[in-house]
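Heads up, the next two complexes both have chain A, just with different partners, chain B and then chain C.
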Partner chain A sequence: MSTITTPLLAIRGLRAAYGKIEALKGVDLDIQPGEIVALIGANGAGKSTLMMSIFGRPRARAGHITFDGRDITGLATHEIARLRIAQSPEGRRIFPRMTVAENLQMGADATPGSDAVRAASLERVLTLFPRLQERLTQRGGTLSGGEQQMLAIGRALMSRPRLLLLDEPSLGLAPLITRQIFNAIRTLNREDGLTVLIVEQNANHALRLAHRGYVMVNGLITMAGAGLELLQRPEIRAAYLEGGRRV
Partner chain B sequence: MDYFLQQLINGIVLGSIYGLIAIGYTMVYGIVGMINFAHGDIFMIGGFIALITFLILISIGLTVVPVILLIVLLVSMAVTALYGWSVERIAYRPLRQSFRLAPMLSAIGMSFVLSNFSQVAQGARVKPVPPIITGGYTLHESDAGFAVQLSNVQIVVVVTTIVLLAIFTWLVARTRFGRDMRACEQDQTMAALLGVDVDRTISMTFVIGAALAAVAGVMYLLYYGLVDFFMGFLAGIKAFTAAVLGGIGSLPGAMLGGLAIGLIETLWSAYFSVEYKDVAAFSILIIVLIFLPTGLLGRPEVEKV
Partner chain C sequence: MATLATDRTSTQPASTFAFILKKAALSALVALGLFLLMIGIRTEAGPSGQLIYWTRFGELAAIVAAVFVGSIVVELLRQWSGRIGIAATPAPWVGSALAKIGKLLAPALLIFALLVPVIFYNQRYLLDLGILVLTYVMLGWGLNIVVGLAGLLDLGYVAFYAVGAYSYALLAQSGLPLPYLTGSYPFVAVDFLQLGPWAFWVLLPVSGLLAALWGVLLGFPVLRLRGDYLAIVTLAFGEIIRLVILNWQSLTGGPNGISGIPRPTVFGIPLTPGPDGLAAMLGVPFSPTHRLVFLFYLILALALLTNWVAIRLRRLPIGRAWEAMREDEVACRALGINITTTKLSAFALGAMFGGFAGAFFATRQGFISPESFTFQESALVLAIVVLGGMGSQLGVALAALTMIGGFELFRGLDQYRMLVFGAVMVLLMIWRPRGLVGHRAPSVFLHHRTTIAADMVKEGRG
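Let's look at the complex of A and B:
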């Protein structure tokens, strides 16, 4: 994909740390509008930290994050969320003592919208994940792992995001459900032009889904390229596919 | 039987006041995980604001009791809420990233600040007011000559408590603010990721807790006809006990605990000895906590705020 358009999200020289441990050591990353970008890498490479530091948690020690041309590096977490950047975070973070409907409502609350708009978003989410329809009045904490994952993504979609961040949507899920979720992401990208940044350990799935991919090692981006092209590279195959975990 | 009925009425009235204060403890514990030891003194401030407002209204010649009550209630809630908000901003928020004990120590400090401030500003003597609401009903009169009385002030206390609790429950369960509050209680980071202003939500929690404590202060003034700078201490400890007894973090638990403490104290005073009523209340707390360490309703699956 060409990079003539201004990126929706641009990260430049981002450094972030937890205490004395530096998790991001100068990351550069671009996401163009309408793109699916995959970020792959081993456990502890800093992928989730990067996702969270877009929201200022942890806050950048150096570098800049711009969203739609605006510098958001110093904004409060809730202000960033209100720019319609949504995240389905690591560990799903469903509100366990709220119903599924309330969890979804929390997502809708992130952005202003009329009741009609909210109803339309809800219908869209329930069409993508019909399982949630049956669970609407149930507490979030009582859902299965796959249902919680659907709820986390659904909740993020309720804010009608301009940029959706997905952290390990396939973690711990049965292959069938993983496929459902990946199909849903592809549909949203094709039909609604949704821009997506997806973090995955499952490199095969993620790179097939994405237009472009980045590889992260020890807090640095070590490789970037088109998704399928990355998938062909021998070093990727060796590190993340053949010798690695799941295929 | 008549005697018991009378004590039951008295206990429910006292329990309503404890319950209103206990909600403030349990709400703050739910959202920031600290015991706000200054909350009893916030209740005392509510009583003083009510007293001052009442005296001003009388001195300008207002005599319509319902109007006086409404104004006293609203002014006390508003000003006391401001106190609650300020206490959080000054004493707790700067310490939120600090070690766990820091805000609690700060709370004990705020408790002294508020009670000493009142002592200096208002004097150390007990401040009495003439009965504002008089009259009542005799429910039942036995042959022995004992009459079960339900006074108008008792009706006002219980009805006001019920109405406010209904509004409060609706606020927590049905409004956006209530959702935000519950979200912050369950996962502050996720709430922020969904656009919830966590600091503002915490501030509002203190404001609402203080406003409910102010209502308790007004009710206390109406019921006992006096306030003093030290009344926040014991009432605060009792309400805290009520919150723990009901299950700290649980809203229905706080109300239930308040009623329980009110009834235990009243019944103990009636049948045993007034001197040991506090001992009775705290002993029951210890016994309940031995068998139910999380309190009456404090189980994880209970709706908490």
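Let's look at the complex of A and C:
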């Protein structure tokens, strides 16, 4: 992925803080169109903060975020979402009292599109996650954890995103379900050319899936490289694979 | 359901007899603190004007004992009927059965409402009561948009009711102000258009719009507030409006209120005994009941309009956004929903229907004063919404009927009326914490989409 294209998302020197606690201390990150980028790191490294900062909250104190050549640093969250950057947030945050169908429809409501386009995205989501098809009339809160994660991703896909941000999609899921979800992401990337940024603690899975990976420590990117190559590095293995198991 | 069952057995040992006793003792202690001065000591003005007091520790002891025993009984009942958490999640068939009953009940209620003036034509009291109930149904449906759909706890809804009523009363007296430009300083002058018999029909939408404006004005400062904080600010807002009305004597007449508010007309034709009245035009003998019947149908139409708008909007993106906002504001933002406009629109729309109801109230009474717009009214309307099951249109109508109707039914009980209602509300909230009709009907798009989706799968598989 070293082709010379303009990155879809470019982050330069991004700083963000919660009050006095600085969570991002000058982050640089590029995502090329059509690639899957994994962001790995320990708890509290600032991964989720980075993802939320792309969406404008917390607001960047310094630095720039450019999406498709446009500076989106100061935009409101809903304006950023309308540029067709979608996310499956940490903790999934589906609407528990609304049905699965309504949840999916919510994903499509804010972005313009004809009924036919929406029906097509719905079809895509339901072929990727056939389980949701069975659950369409069920309330979101009654789904299992894995189904809720599928719903959260499906809801994000309903806006036909150009960039999909996934925050810890494997959190709390059985390995089999995790594999299903990761397979779906790979399919989306290969068949639809969807660009994905995935934040994970599960470094092994994420780096195998991704074209490239970034490692984050204490609010800074400390390492970057191709996914499989990162996976081979001893310091990564020590910190996030073998080391991770011991803790 | 399996998880619920294990939940139940696991919590059983936790609530032992000691726990019940401890809880009862605590309740008794609170009762002691509360009633020590209220019941325990009685003061009165003595024969020469000085304050005399005597103690009633016997009664105090009786009350504390009653609370102690009552607390034990309530706790035992609670254990016997299962935990509240279990009651909160009824089996799916309960929901679908309720939905089926609701499907029949709603049209039946509507037909009954349409026939009320025919059946009870000679019973003015019942007609009056019907109008009152429908007013609260309308207020309930209006507040339901804000509280039930958008999930914004509004304790000051009566403010919009007041704004609507006073807008109508004041503008009907002065005439509709129409500003126009002039050539000389200050370049703007105002003409007051006298509306005559059309006053109600012109000013009804104006009152609604003014109330909506106040809804937006309230909405702006509370955009970032939620839950308890929002409740406190809206409560204060309701009181501010009432106090301003009470103290702005030169405009609102203060505590004396406004009288002589024009009565409604049947689209310009007055309901009077004179030769140009409706009765004379139809060639029937005049009866004061005509006005009651007209008012009844008027408020029924206004209430149905509120209901129709709420139901329609629920199926549109804005209504879905309200409901999603109630569930998770952060997720909404991430999906591209503009929370600011979503919130303000809910406040404005809810307030507008409150304003309509207020204008109706003013024209029905012919007299308004700040006394009609106390916090108690807000609390009553909110109770109707919560008891009815937040977000359920039918539930709100049923709750308004039982609450307002019940108030009248138990008029004979006098001061115990409130006590009975308090008890009923507590019991209802324990056994049906989601309200009378807690089942949330999915918006219709669902059905529609499901069929489309099913077609697509066939296509995909074939």
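The rule we apply is simple: the second predicted complex is superposed on the first by the 243 of 247 C-alpha atoms of A that agree within 3 Å, B and C clash if a C-alpha of one lies under 4 Å from a C-alpha of the other, contacts with A are read in each partner's own complex, and residues count from 1 in each chain.
Here is the rule we go by: a contact is a pair of C-beta atoms (placed from the backbone, for glycine too) under 8 Å apart; a residue touches a chain by one contact, two chains touch by 3 or more.
Computed from a predicted model, the values in this text were never measured in an experiment.
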item: Combined model on chain A: chain C and chain B, fit or clash; value: clash
item: Chain C versus chain B, contacts on chain A by residue; value: C
item: Touching partner for A:101 - first (chain B), second (chain C), both, neither; value: second
item: Contacts of A:137 with chain B and chain C, given as first, second, both or neither; value: second
item: Partner chain(s) touched by A:109 [first = chain B, second = chain C, both, neither]; value: both
item: Which of chain B and chain C A:61 touches, first, second, both or neither; value: neither
item: Chain B versus chain C as contact partner of A:233, first or second or both or neither; value: neither
item: Chain B versus chain C as contact partner of A:123, first or second or both or neither; value: second
item: Partner chain in contact with A:179 - chain B first, chain C second, else both or neither; value: neither
item: Colliding region between chain B and chain C, picked from 1-9, 181-189, 217-225 or 451-459 after the shared-chain fit; value: 217-225
item: Contact residues of chain A, present in both the chain B and the chain C interface; value: 55, 57, 76-78, 81-82, 86-87, 89, 93, 95-98, 102, 105-107, 109-111, 155, 159
item: Residue ranges of chain A in contact with chain C within the complex; value: 55, 57, 76-79, 81-82, 86-87, 89, 93-99, 101-102, 105-107, 109-111, 119, 122-123, 126-127, 133, 136-137, 155, 159
item: Parts of chain B lying in touch with chain A, wherever the complex brings them together; value: 176, 179-180, 182-183, 186-187, 189-198, 301, 303-304
item: Chain C - residues contacting chain A, complex; value: 317, 320-321, 323-324, 326-328, 330-339, 440, 442-443, 445-446, 449-450, 452-453, 456-457, 460
item: Chain A to chain B touching residues, read off their complex; value: 55, 57, 76-78, 81-82, 86-87, 89, 93, 95-98, 102, 105-107, 109-111, 155, 159
